[in-house]
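Look at the two complexes coming up: subunit A is in both, with subunit B in one and subunit C in the other.
Up next is the complex of A and B:
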């Protein structure tokens, strides 16, 4: 959840939010659509260098975020690469008595390709997440005319998440101080109690916040203001050059 | 502590860490880049009617009762926080609830589809769970299929006058499992083996995730029951306020 803090601190924070979103989503779409290992590798390296070098996001933090879906990648990598069958039909076969786990070259290649593509996609999204605070991303969604109600809900939910996280952390500390996590059974009970009281707290807070909204003249529409950040010519040019580079690499590798 | 003791301690910590690396971190969200464009769009399109329905339901709720806006937002934040909290598990690995079963039972399946969509966007951007291009597929499995099954199971159990807690348990567990069946099928449709059918591929993906997901589903079911019990003890008025008691 600290990603927002790093976004505010990033050197790229002063860039136009819409531009960053466009750059990130555009790159993401190209990575997915082109499905080319070289493009993915280029995107991983260039955007990684951008986030770390220009944005000055700490390397440790960046790596931690990138490694979150590692488990999913490994599990589904195995499922893509391997095949269960009663006959040893692959290039490498691991016998498991009742069936064989067959690895084929094409399967492994596919698994690696997909993993690289996934990492590239993540670096594209994280370029945006590590440089643009959430409320600016929501502001961009507002500009592309998503329904106002949705935007309002997103803004409120985003704010409330932090409030609830604080409350939950306090409750967890209190529970730990009272040995609430001594055993598996106890920790289940503690979790349920925390979730239950979190629910009560959240609804009470919702009432209080409604009163606060009313006292500030709420009439069914909440306006959120965002800072105006102008897009500079050299940034736009850089974005265009980057897109062209990605497309060129794709054309070049296709042949 | 002497130097050797420290060294032994360090070694044992490293050993413990090596064997308890989180193997189940939200294995149910399909990651960015795993689906080709056609599938991304297709799953997105499938979600549209549900999301539109949910949107109108929410808009109706809010125009009828303006106060609902903060309650709904809190509900969304609640689902997010619950699904981000680490739940206890036996091996010391970290895992998370989906929270969809609980959400569906508390707030109804249509509302959850919208709230779930927002939560999934936040999870993709803030926590690296899921992704933006796979949003459609994830919305379908986690915010539509799971909650609808949970809600249906819960309703059926209520009709059959089954024990309330049993109903909640089944609803949450089956919702969780179904979410994850859908995810397997989604992956299998994409990565079909040559010569194999969709079903066999789905079984493969299912098999890879089963050892981690089955206990998780049971734990989620248990937790949901315990949360519901806690809510009935402490939060009767709040439950009434969101219209839960009425529907029971």
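Up next is the complex of A and C:
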């Protein structure tokens, strides 16, 4: 949710959304298909630099968002690298009396490869998330002709989820002001009450929203004017050069 | 005689068993600014939703420029009458301000260029240029209100209805809204405004319609309405401050012309200052 707020502030927000989605998904595909550490490292560095340097996303924020998948990566990296065995079969072995914890060179290599690839993939997706507001990504989906119903639902959910969160936060504050979270038991009860009334409020508000839709001439189709952001030639050229660079690095490393 | 822009004749509406509107008749003329008053649950909102074609009346008719709107033509009514909801959040649905304003015109099946033009005009009129790409959930209350007004402006309806446009706004923002309402009136729009603010209704409207228990109990110029104590009591209304002060000044023999009520507090202050100067 928060990431959306930073997307609006990004300097790259003014770029054509389709181009950014293509760049992000294209890079993601190449990272997965090439499966090459050097390519992944290049993508991590270059897209990180792009998001921070060109988009001007705050470094602190970027690192915080990166740290979540990073934690998973480290855990799974260890799991990939280490193996349990009854014999000391690895290059490094730790005895745990009943079994050995073995580390092999190939295991470590695989772990690094997988982790770096995953982080590169995250960089590619974050590049898009930190520069393209949700509704523009929905707009791109509309352009590639995803079903209209899906698009409308996404647009409405995107709008109403914020209202739902606001109302929930208000209820929570009101409950806290009346000591609703004093103990664990009370917290559970309060949570249940809020969840219940949130449902009732949603149903009631849905009626008001529907009336408002009707009064503005709604006839079964929700359509908006989308703002056109033109793709500039230098941006397109930059994208092409970037893809070429990734491919060249891959070719070079393969040899 | 001048033909009314919109007229309502013997309108009835009920929610299930409960009658919400009974025998409501009203004529609205081009360029009027009408304040609609009455206690909570008096039927104002129901009346508006009927005018707007969202609710279907049980009986009675709505005529636009003398032509009766048939049940099938309710959609037509929505092109003629725009409704700015009290809670901007229940009106706003789009992910950005510009997209939001385009929703109404898009439903009117206009050409792309025409929709774009109307969105641009509305953005300029409501001074929303800086916010056009912003999503509605990052706007302040006053900004949301302006967006919800721009929504209806872009539909270019002959009549604009406002349901308590100043509710939940701070004094500066409500002053802004009042300024916008004045501008809309100068530009020839016909306005219907539901409000509980007697001082606002008194200084702004040139006609007040009072609802009570689903009926219209009074309809006339503000000064006349606010003199009828029985009406005020039934509709849970109070006299505007300027009138109370003026009546007191009359009773004390300081002011002789009882009819010349000042419209705003500022005017009253000026008058009193002038009287003071005359005496010293």
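Quick note on the criterion: the second predicted complex is superposed on the first by the 220 of 255 C-alpha atoms of A that agree within 3 Å, B and C clash if a C-alpha of one lies under 4 Å from a C-alpha of the other, contacts with A are read in each partner's own complex, and residues count from 1 in each chain.
Here is the rule we go by: contacts are C-beta pairs under 8 Å (C-beta built on N, C-alpha and C of every residue); 3 or more make two chains touch, one makes a residue touch a chain.
Predicted model only: the values in this text are computed from it and were never measured.
Taken together through their common subunit A, the two structures put subunit B and subunit C side by side without a clash. Using the contact criterion defined above for the overlaid structures, shared-chain residue A:189 touches subunit B, although it does not reach subunit C.
In the overlay built on the shared chain, the residue A:163 is in contact with subunit B and with subunit C.
Legend: residue contacts after superposition of the two complexes on their common chain; A:134 is shown touching both subunit B and subunit C. In the superposition on chain A, A:245 makes contact with neither subunit B nor subunit C. Touch criterion met: A:205 reaches subunit B and subunit C at once.
When both complexes are overlaid on chain A, the residue A:38 reaches neither subunit B nor subunit C.
In the superposition on chain A, contact of A:75 is made with subunit B only, not with subunit C.
Among subunit B and subunit C, the chain that touches a larger number of residues in subunit A is B. Touch criterion not met for A:231: it reaches neither subunit B nor subunit C. Contact with neither subunit B nor subunit C is seen for A:54 once the two complexes are overlaid on the shared chain.
After superposing both complexes on chain A, the closest C-alpha pair between subunit B and subunit C lies 10 Å apart. The interface of subunit A with subunit B overlaps its interface with subunit C at residues 4, 134, 156, 158, 163, 205, 209, 213, 218. Interface of subunit A with subunit B (complex): residues 1, 3-4, 25, 28-29, 31-33, 35, 65-66, 68-73, 75-76, 78-80, 82-84, 107, 110, 114, 117-122, 125-126, 128-129, 134, 137, 147, 149-150, 152-154, 156-158, 160-161, 163-165, 168, 181, 184, 187-200, 202-207, 209-210, 213, 218, 220. On subunit A, the positions that touch subunit C within their shared complex are 4-5, 8, 13, 133-135, 138, 155-156, 158-159, 162-163, 166, 205, 208-209, 211-219, 222-227. Residues 49, 52-54, 75, 78-79, 82-83, 85, 87, 89-96, 98-100, 102-104, 106-108, 112, 115-116, 119, 132-138, 151-152, 155 of subunit C are the ones touching subunit A in the complex. Of all residues in subunit B, only 22-27, 29-37, 40, 55, 58-59, 62, 66-67, 69-78, 80-82, 84-85, 87-88, 90, 102, 106, 114-115, 118-119, 121-122, 124-129, 131-133, 187, 191, 193, 196, 204-205, 207-209, 212, 219, 222-223, 226-227, 229-231, 233-235, 238, 241-242 touch subunit A in the complex they form.
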